[in-house]
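Listed below are the structures to be examined.
Paired with subunit B in one complex and with subunit C in the other, subunit A is shared by the two complexes that follow.
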Partner chain A sequence: MTMNELSASTRVAWAVCIRGMQRIRARPVLIIPTVIMPVVLVVSFSGSFSSLTRIDGYGTDNIYNWMAPYAALQGAVFAGIGGVGSVADDIENGFFDRLLLTPGSHSALLVGTVGYSALRAFLPTTAVLLISLLIGGLTIPGGLLGLITLYLAAASMAMVFCLTGLVIVYKLKSHRSLMLVQVLAFGALFISVGQVPLSFMQGWLHTAARLNPVSNVLELARQGFLGQVAWQTTWPGLVALAAMITVTGFFARRGLYRLTP
Partner chain B sequence: MTVVIEAQGLERSFGDLKAVAGIDLAVEEGEVFGFLGPNGAGKSTAVRMFTTLLRPTGGMARVAGFDVVSQAAEVRKNIGVALQDAAIDPLMTGNELVRLQAVLHGIARPEAKKRGGELLERVGLTAAADRRVGTYSGGMRRRLDLALSLIHEPHVLFLDEPTTGLDPTSRLALWEEVRRLNQDQGTTVFLTTQYLEEADELAGRIAIIDEGRLVREGTPAELKASVGAPTLRIDIDPEHVDQAQSVLSRFGIDRPARNGRVAVGLDGGVAKVAEVVQSLESAGVEVLHLELDAPSLDDVFAEATGRRLEGATQHHE
Partner chain C sequence: MSSGLGGLRLAGTQTLALARRSLNNERRQLVSIMPGLVFPLMMAAVYSQQFGRALALPGFPEVDSFLSFILPGSIIQAVSFGGTTAGTELALDIENGFFDRLMASPVARVPILLGRLGGTAVVAAGKASFIVAVFLIFGVTIKGGIAGTVIIIATAALLVLAIGGLAQIMAIRTQSQEAVSATFPLIFVSIFMSSAFFPTALMSGWYQKLAENNPITWTIDPVRRLVIEGWSASDALQSLGVPAALAVITIMGAVRTLNTKLKAG
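Right after this comes the complex of A and B.
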């Protein structure tokens, strides 16, 4: 790819990303559920199970410090799936054909959509943190680095589930197919260390949560809210994210290129 | 002249269904080429192959000198496409869509702004440019679709049923724009339509497609001339259709017609009308209404396929 082609592709990706934001501005309801849902989760779960953190093993005595990163990641995952929703709309109403008629690289369309999804993830993450701060006394012992780690994990999880959604939507070409991604997302989030520490789990659930790469990402995201950011917790999360983005990205790109010659 | 759209044995199958069953055609630079056929004939499938949106399952096609499969990106640089149903995001404004389209075609921002403004003015949408497309009428959406397809000044323009669902005024405005593009800028236009009148008005040459195959090709005048005799259509009591057809067979070739009507390619034209009426009355068939039409593209279609186009039937009724 020449520099000119790279520059053109970057412009296309950015335009696709900006288009997503323009759609949100035109119809804010496109993002509201993604913001509200994790806020409800953190408030309701933390309210109902506020005493849980009295048990040793959580690493904090404030349930909001445990739950907020989990709720933020859940919001990010659905922000990613929501980003695919606009692609599904485009495919169903024919607008995607117009995008496919770009003479440039089709990968730019994919990158733009993933970038848009990552940007979307900032909204629920910020909303969860603000609400947790206001009503739950959330603290960030890991400081700015802890905050950055959470946002990085959130944006990356949005990308992973955006790419997963794209694999399915490019194949099935319908909005309804996103239900499959939601099932995958719930499965990946629930069978993880999202709600309780790994040491509390037993049997198959323990094994599944330990092997689930989302657990590594949750530990990456959560560490700054339980203590200082440490490399031994950071790198497994980064590796998990890189692996998930690589695998889902490969299949999403393949699906996109199968749509046209 | 240079051939800018070429197909040889072009095929597309979906499972057992052959949507396009081996078509050969050549469209020369500067032509308005009409691709006429009923719903489901294979028009849109063919256009999707020419515009690189669908991979052929057989044969080959070249557009603007490039193969639609192996040189798809080059093809896309040279074509403008307005697909069926004006595929436009209803949440975006006209201006936003024009800017996006310009970026997709690698046009620098200042140039995009200039061209976008000119195009929106040309299609009469300057005042509505900052409104969401969801608030546009069908005609406005079509005109915006056309403007978007022209932003990169393509050599070849594909219009897939551009006026389907439009009111007569919007249809005429779009026809005028297509003529202007072809005459002023020399843009080659490949137009699919199910409207005979549209093909007749706009196209210099027409191919008729039915069930995935080209059944006729030529200029409108050539095609009509090939049918020969004018068509005499007679409304009668539906119970007397068999008797009427028996009488009419003495005057020319039977032509398809809707229920309660018979039609014949009348050898001898208007001079024979009185004799036909007398013969029908002698046979006990009352003539309720009759009309004699010069050969039309509908007659060409009917002669080629044994059926009439839906739009044409409505027109005659």
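Right after this comes the complex of A and C.
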């Protein structure tokens, strides 16, 4: 790729990302469920399961410190899937065909959408943190590093599920097909260390949650809310994210190039 | 007197015919019933494996397993998934003009609403029976016996009538399927902010007060006692009474909203 081609691709990716952000500004209603849902979840989970902190080994005595990173990642994942919604709309109304005629690498369309989804993830993450601070007395013993690992995990999870959504949408070419990704996302987050530590789990759930890469990401995101940020908790999460982004990115890129006339 | 009885019989026949139509619609879209069965069963499967230690917490009711505890919550979650169908289908009838044709026909107004609700209540009873059967296979014992099981299934059907009535009010007011569907998250949240998944005795602060005063808790708690403690006439009465009262309120609200709408033209 020459410098000129790289520059053109960067401009296209940036334009796609900015177009997505402008879409939110034009129709804020699109982002409301993405922000409200994780806020409701953090309040519901923390309210319902607050007594779990009385059990030895839970890891914190404030349930919000446990649930806020989980709800933030849920919001981020759904923000990522929501980012694919604009692509699905473009495919359904034919605008995507015109985008495919733009100069430069088509991967720029992919990068722009993924960037937009990652940015969207900052909204629910911030909303969950603010509500948890206000009504739950959330603390961040890990300080700034703890916040950085949470935002990094949230943005990356939005990218993973945006790419997963793109794989499906490029294949099935409909907005409705995103339901499949939502089910997948719900399952991946649910069968993880989202609500309780691994040591609380039994039987098949213990095995499934241990093998689920989302558990590593949750531990990465949550560590700064339970104590100090440590490398031995950070690297498994980073490896899991890198692996998920690589695999889903590969299939999304392949799906995009198969769409190209 | 005889004309009154005849009118009642005619309304009954019309309600049955419209309920049959509603059931036929449900049968044609069996796939849409699946999330309502899969999600609660998945949640029950996960929760039973992760909340085992919580059973030892002081204040947690004495149960054989977490599955026994969560059965009522799973049933209510399952039936709530299709609860708004009576409203979305009414909104669809309004959108596509079928409702206007019904209004022009000699069908009374109440059967138009009750027919839809009857269909969803039958589906809810079917779903509740399925969930109970799955839990029984996985070793749950309903200590209230067959009578208790019947009450649990009837409670599920009544609760769907209450949710359906609310959805019909929304349908008549907004005439939009999308707006009616938007009420579902509210119902989902009210189930979560109740004793469906954890005892209210183990909650604290404002959230505990909210959960204790949630009509879903008033319905779930007596149903749960029928499952984990055994038969009790007062629990049976309470578990049927709360959703029945809610159903009467919401259905009357729907009838009133319809009449107001028709008067306004």
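Operating definition for what follows: the second predicted complex is superposed on the first by the 260 of 261 C-alpha atoms of A that agree within 3 Å, B and C clash if a C-alpha of one lies under 4 Å from a C-alpha of the other, contacts with A are read in each partner's own complex, and residues count from 1 in each chain.
Note that a residue touches a chain if its C-beta (ideal position, glycine included) is under 8 Å from a C-beta of that chain, and two chains touch if they have at least 3 such contacts.
Just so we're clear, the structure is a prediction, and the values are computed from it rather than from any experiment.
With both structures placed on the common chain, the touch criterion links A:Leu52 to subunit C but leaves subunit B unconnected. Look at A:Gly203: by the touch rule set out above, it reaches subunit C but stays clear of subunit B. By the touch criterion defined above, A:Arg176 lies against neither subunit B nor subunit C after alignment on the C-alpha atoms of chain A.
Those residues of subunit A that touch subunit B in the shared complex are 8, 11-12, 15, 19, 22-23, 26-27, 89-90, 93-104, 260-261. Chain contact summary for the complex, subunit B toward subunit A: residues 51-55, 68-70, 72-74, 76-77, 79, 81, 83-85, 87-92, 96, 99-101, 103-106, 132, 148. Here subunit C touches subunit A in the complex through residues 42-43, 45-46, 49-54, 56-57, 59, 185, 189, 192-193, 197-198, 202-204, 207-208, 210-211, going by the rule given at the top. By the touch rule above, subunit A contacts subunit C in their complex via residues 33, 37, 40, 43-44, 46-52, 54-55, 187, 190-191, 195-196, 200-206.
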